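Note that chain A is present in both complexes that follow, paired respectively with chain B and with chain C.
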Partner chain A sequence: MTVSLFDQFESPLFLGIPLMAIALVLPWALLPKPCSRWISGRYLTLQNWFISRFTHQIFQPISHPGYKWALLFTSLMLFLITVNMLGLLPYTYTPTTQLSVNMGFAVPLWLATVIIGMRNQPSLSLAHLLPEGTPTPLIPVLIIIETISLFIRPLALGVRLTANLTAGHLLLQLISLAAFVLLPIMTATAFLTWSLLVLLTLLEIAVAMIQAYVFVLLLSLYLQENV
Partner chain B sequence: MADRPVPVAEKRLMEVKLGELGTWLGGRDYSPNGIVSMFRRAHTRYYNKYIGVKKGGIGGIAMLLAGYVVISYVWSYDHLKHDRWRKHH
Partner chain C sequence: MGGHDAGMEHQFTGVSRFFNSQTYLGRRNCVLATYAGVAAIFLFFKLKPKKQPAVTDK
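Presenting the complex of A and B:
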């Protein structure tokens, strides 16, 4: 019996449909649309509170032309946080462990911020390539370095989310396997491993939320520079 | 008061008699729009009954998530059956 820890990242097919399709559509069922009643139920009120707090937090430092992005960023945040948290349930599939999904989010949005900046205020956008107060001899090198860091941004965005979630899921599976196998052999060690698993699960819940927030926060920073 | 006769395919599922089940299934709208509207109607009914009430507890969401876990298990059963501790799979 070969132990393959990476099989959890394959999307299993059933009747020709991958589980990823259900995992991607499920946030639609969990995030209701605002209703036309004056006072809505608890769940919808909580969701509305979260959306307004989040939008206020993210868009405070951005100037007015950037407010068009509010719908996009907030829905992206809701989607990412829902999908990440759902992946912590047993037997479920997390689409954001796939690099393809995360690059599909990161590259178009980053490229949009760059193109908007270059189109509306080209000199200001290019000026971002040179930090203030650099000594004159360093200018050419620094321009090259800043250009490279500009182009690495989408890669970093995508890979950060992928790596964090994949590593977390792998660790969870590895440590739970260790705890399970050690249980008949060395019970005390198994208990220690189990307590480590509990702490790791709490960490994974936090990481799921934090990584979604960081993704959207960085995109809002890139927008702030360019809008 | 006599009810007006309704075509079988348009009745609600709970009002379809057992013998009419085949006709009912055959007459439903299986186009992509139809299937999407099937899910949307089911979700609206579920939401209005369990989640969108004034003092909704955790039960509404918990049932949905439990169903999702069960569906995921069924989806990955073919892969999971190799994890059993047996000599012959």
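Presenting the complex of A and C:
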């Protein structure tokens, strides 16, 4: 019996019904909603503190017209961090390991920042394609390089998140499989492998949170250039 | 438009007043000129008539 390591990344189906919708809705179901009481509970207070700190951190360098993006970025951050952390549970499915999901977030949001820049301040948006102080012989080359890097941004955003989570999940499965197989054969080696698995799990928890933050941070930087 | 390069325009004379890498206007014009140049090169090779091999009597 061969074990396919990539079965965990297939979109789950149950009696022909795609479970992707449930996986995407799960953060909304799990996160607490604002209550009508004057003082909220611990969970809601913690969430409110996190949202407040995150919004302040992300929007500090952005000018006032960009503040209308606060709800979008904060909800995106909460969604990504929740989905990534839930995916670390055993036998769960992580939607952000699918390139289609991540590109579905990256491309429209990146394109929105570009269109806003071209619409509100077209000269400034075009001027950003040439770094200030470039030597004259390098100007055409650098403009072409900056244009290519502009169009690669959404691809890099989506692929970064996909690759980080996919690689992490694959490593976790490989090392856990190795520890399980080695247990009756070489117990000491299996114990070392298990220790490595624990460390890798801690790393993957950090990566799950960091990658969600990096995704939203880069989008905020793209917005900062154009707003 | 005010900015951190406001007031630098007087340093440049002639063509460099409109094409430089210091002011917003200069950078914008350099970008537009580069795009126009790339488009011109592309159109030149696209519309260039292809040489047809000469037909010889056997």
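Just so it is clear, the second predicted complex is superposed on the first by the 227 of 227 C-alpha atoms of A that agree within 3 Å, B and C clash if a C-alpha of one lies under 4 Å from a C-alpha of the other, contacts with A are read in each partner's own complex, and residues count from 1 in each chain.
The rule is simple: a contact is a pair of C-beta atoms (placed from the backbone, for glycine too) under 8 Å apart; a residue touches a chain by one contact, two chains touch by 3 or more.
Just so we're clear, the structure is a prediction, and the values are computed from it rather than from any experiment.
For the composite obtained by overlaying on chain A, chain B and chain C can both be accommodated side by side without a clash. Contacts of A:L124 after superposition on the shared chain: chain C is touched, whereas chain B is not.
Once the two complexes are laid over each other on the shared chain, residue contacts for A:P140 go to chain C alone; chain B is not touched. Of the two partner chains placed around the shared chain by superposition, chain B is the only one that A:Y91 touches, whereas chain C remains out of contact. Once the two complexes are overlaid on the shared chain, A:I185 sits clear of chain B and of chain C alike. Put simply, more of the residues of chain A are touched by B, taking chain B and chain C as the two choices. Using C-alpha centres, the superposed arrangement gives chain A a vertex angle toward chain B and chain C of 140 degrees, stated as a multiple of 10. Judged by the touch definition given at the top, the superposed model places A:I148 against neither chain B nor chain C. In the superposition on chain A, contact of A:V198 is made with neither chain B nor chain C.
Annotation: superposed on chain A, chain B and chain C show a minimal Cα-Cα gap of 50 Å. No residue of chain A lies at the contact with chain B in one complex and also at the contact with chain C in the other. On chain C, the positions that touch chain A within their shared complex are 1, 5, 21-22, 24-25, 27-28, 30-32, 34-35, 37-38. Those residues of chain A that touch chain B in the shared complex are 7, 10, 12, 14, 19, 22, 26, 29-30, 32, 35, 39-44, 86, 89-93. Residues of chain A touching chain C in their complex: 123-124, 126-127, 129-136, 139-140, 143-144.
Chain contact summary for the complex, chain B toward chain A: residues 43, 47, 51-56, 60-61, 64-65, 68-69, 71-76, 78-80.
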